[in-house]
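Paired with subunit B in one complex and with subunit C in the other, subunit A is shared by the two complexes that follow.
This part shows the complex of A and B:
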């Protein structure tokens, strides 16, 4: 007995040693997350409970919900939250509808240019949001390329109002988010055996039914990942609504930035930041639960 | 079940013919096996029958109806895939019910036929499981039940056994064959495994480079191969290259003068089945051909022994003998005599 116990002891030690080394690997990332994400958030949350003296433009130490109350009682702010959610939901839905066929084609192509196709999809991300938005201002502005061309052709009398509308912002965010949706879907669709689709066809399912009964449920993990990613990015979009939305169109992220820099109202800015974060997480989790419950039934 | 006819079916990709002028008749209740090396066009042909590939030319008729341009979901063909292709998110029963739901049957009827199909493949009681909870052999049986539940006009099997291990393969082979006979199914199977093809088929189709080389029973293909490819692909043959000098007289490139049957004067190959050649220490009288040689290589297969004999610098022959008690046991380097009757050799002119 003792002999075998002794013989096994070094092996067990060695295994524990390996566990330690593996554990060490996640330490740097954990420290980074703790100091660079959690700590600032905690401090910001504390700020959001402070008071702000408007006359002196100064933060005063306190524990009050005044900032949160101010946000939810003023229709100006709740409208901005509503617009933000509306834009994010629209963007996510359009990305899913546009992204699925594209992801399917990329996942199923046998072409040797497949990698070029993927690069082409990711290419828009190589250009920063601000640069892209500035580029669009030159195309869609009232004296931009599109309007001058249409007027020159005599198709319109007055320039079209494209810039500084909600539509412009939605189109702009879709262009940024679509690659994330496509890549999430593509990786999952690639893992679905092509012959499963063919099996459904041979059993009498037309393409629409095959999609609904086979492809969609099997692609669901990718659909969830893609929609979550797209939704969060859209909720937090800053440069696109700022540049394409103009001075009158407001979304949450530019509002927060404005509170911190123009108004120097850190408590209220912090409160809005936390409201945005909570609403985003809440809606994401609700959608997740809904889809999973429907899948289970 | 129904009769299946393929008329001059071709599939061309650019200049490349994946299948060329394939014409086959499969009778009601017949089990036809398409056999050939990979890339020979057998899978392309099967997929044209299933409707997954649109032929460039030709016609597919199922039960007398032209289905050539009908999409797969409008043909009543049950397909079994190499990868099983079960729906991983559905239970076994839901998988089998899928095709019946597509046919808008009543729930009671669906349940009854799912039960019936699962019983056929001896998987009653497995209905509530998910495919990943089953073994490979069980999954393949579910795939078979799913294809049979829709009562297809033709059952199509695309290398259905190649993902199973050797022992299981033999069992499932017999099982599929028995089911097919019992239900009187018209079936077409694709395989590259000749043993599988020989044990399962009523008739076989040997394909190569997109074309049908020979259609026939096991005996037809083995005893009377149409060409050199079939002689080499179905069973085993050793080929001696040489020239037919006159019908019945063959001279190998190594200079051996041999007696054969038939053949046109000109370049040709003489094919010999290893088990049709006799071997011994002394010259055996009464055989049309008897030649001295040296044992070069011996492979011991258990019940059988393969002996490679060098007859001339250019000619080497494989002889197969049964491993009998007190039988001939060759050693490498040994001098031996090999012999065969003229009718054992098949001559293929080039």
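This part shows the complex of A and C:
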């Protein structure tokens, strides 16, 4: 997700009068996003400090941290946060392991069908999470593809309960996030000169060593970008846990939705939203620091 | 002998690598393959093996008003949000890649921020914002068509800015300067030189923006009013109750439309370079 084009400023060219043009070009979009995104976030944060009277189902103006305290002192909610982090970490690790070989093959292939390969990877991204969840429902159901096949093979007597479990949710989110990981890795691997790999081989390095000492360090920016993106998306997953996890399995995003629409507890829903964003950003930054420190040493 | 062994080992490694890649690709495509398969089942219950195959579910889509309405709403919102998103995003991208100014980095971050904020948080924040606006302005905001479009514009802008900035990075400014030296004013330079060179970026930005808007679920859940539901929400609400070939047929139509539009876009811009 990091943009090289945006990260590097263009060569400075300051001419008189250009400031005005520049302003006219960027101000409309900036005002629009500020008005439609920053203002709502500010209001949501203000709401999260309000009080909620449960008996009357009403929001009362206040400045209190009660909603945040409530979240972190009630094991019901901290468990949901724990499950969300656990699912996100698992998903990210599996995506990295599964995604690397595919990204490598896509980056190095000389085939003229490369663009079709890319489309096959990108297409599912655009089809929507609900549709993909429907695919998994067909596979996992008690009379679905997996259970029927296993029974036919004589491996199980009665259908396995896979729908509405954490496993189903993890399997579903991996499929959703894998394309993002592959695309992040592929773009970086494509930029690594093939002759670097050849050089390692001709100096006698076995593939494992070449991967560890050459490919991995060079691909690290892509690995970081991919894992961060995958982790954030998994933390915020809504449709997949909602449809594959069922009513009892809870993750953070469905919890926020539930607090807002079912409980109409806006202050608490707002607080959970900010907790989710803060935890996600915090863990991402911590992992980033850890990797960079290990790289430096 | 050792040579032969080395060659065999090398081949084995290549097969292992390609095999691992195929597993990952299969994993990505598996849910789509099963949805497409289910759409052609004869029986209504998704049990395996299918009792037979039929095309009747595709006709059944048209009987259900909610799918047709949802599809129409999604197209309307997506087209409008993409057009306005382009009008706002393309100039912003031009500015970001052409000028150096103090607020450049914060503004770039602001415009890309909607990509990072979780969909559910976007939705809740806009929901409370619309409630406040409604109270403050004393007019309908929440659940209106234009409020939904405004939300979608916010998620279209970052794609336009990213992809157009990326394509501007490859443009040689010398051509523009040459045009201006030859007497072209800034507008003529833009229309005749800059715009044609960044057209691939604009096409890609429009496509990604539209598809993001068309497929958006989490944010829209909070913003749609009664009778204005978009297609992804209709699909989600249907799947909450049951999975059957009708919903699979709806999905197949969606997969086909998106697949075709991507193949067409790929002719203009290499998708491998813009994603």
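The rule we apply is simple: the second predicted complex is superposed on the first by the 263 of 297 C-alpha atoms of A that agree within 3 Å, B and C clash if a C-alpha of one lies under 4 Å from a C-alpha of the other, contacts with A are read in each partner's own complex, and residues count from 1 in each chain.
The rule is short, and it goes like this: a contact is a pair of C-beta atoms (placed from the backbone, for glycine too) under 8 Å apart; a residue touches a chain by one contact, two chains touch by 3 or more.
Only a predicted model underlies this, so the values are computations on that prediction, with no experimental measurement involved.
By the document's definition of touching, of the two partners only subunit B reaches A:206; subunit C does not. When the two structures are aligned on the shared chain, A:191 is found in touch with neither subunit B nor subunit C. In the superposed model, more residues of subunit A are touched by C than by the other of subunit B and subunit C. Once the two complexes are laid over each other on the shared chain, residue contacts for A:217 go to subunit B alone; subunit C is not touched.
With both structures placed on the common chain, the touch criterion links A:282 to neither subunit B nor subunit C. In the superposed model, A:82 makes contact with neither subunit B nor subunit C. Counting contacts as defined above, no subunit A residue meets subunit B in one complex and subunit C in the other. Across the complex, subunit B is touched by residues 193, 195-196, 198-206, 209, 213-214, 217-218 of subunit A.
Against subunit A, in their complex, subunit B makes its touches with residues 50-52, 71-79, 81-83, 85-89, 98-99, 102-103, 143, 146-147, 150, 156. Note for the complex: subunit C touches subunit A at residues 13, 17-18, 20-21, 23-25, 27-35, 37-38, 45-49, 88-89, 91-92, 94-101, 104, 107-108, 110-129, 132, 150-151, 153-154, 157, 161-162, 165-166, 168-169, 186, 211, 214-215, 217-218, 221-222, 232, 235-236, 239-240, 243, 247-248, 251, 254-255, 258-259, 262-263, 266, 270-272, 275.
Looking at the complex, you find that subunit A touches subunit C at residues 1, 3-6, 9-10, 12-14, 18-19, 21-22, 24-26, 28-30, 32-34, 36-41, 43-44, 47, 98-99, 101-102, 104-106, 114-115, 117-124, 126-139, 141, 143-145, 148-149, 172, 174-175, 178-179, 182-183, 187, 207, 232, 235-236, 238-239, 242-243, 253, 256-257, 260-261, 266, 269-270, 273, 276-277, 280.
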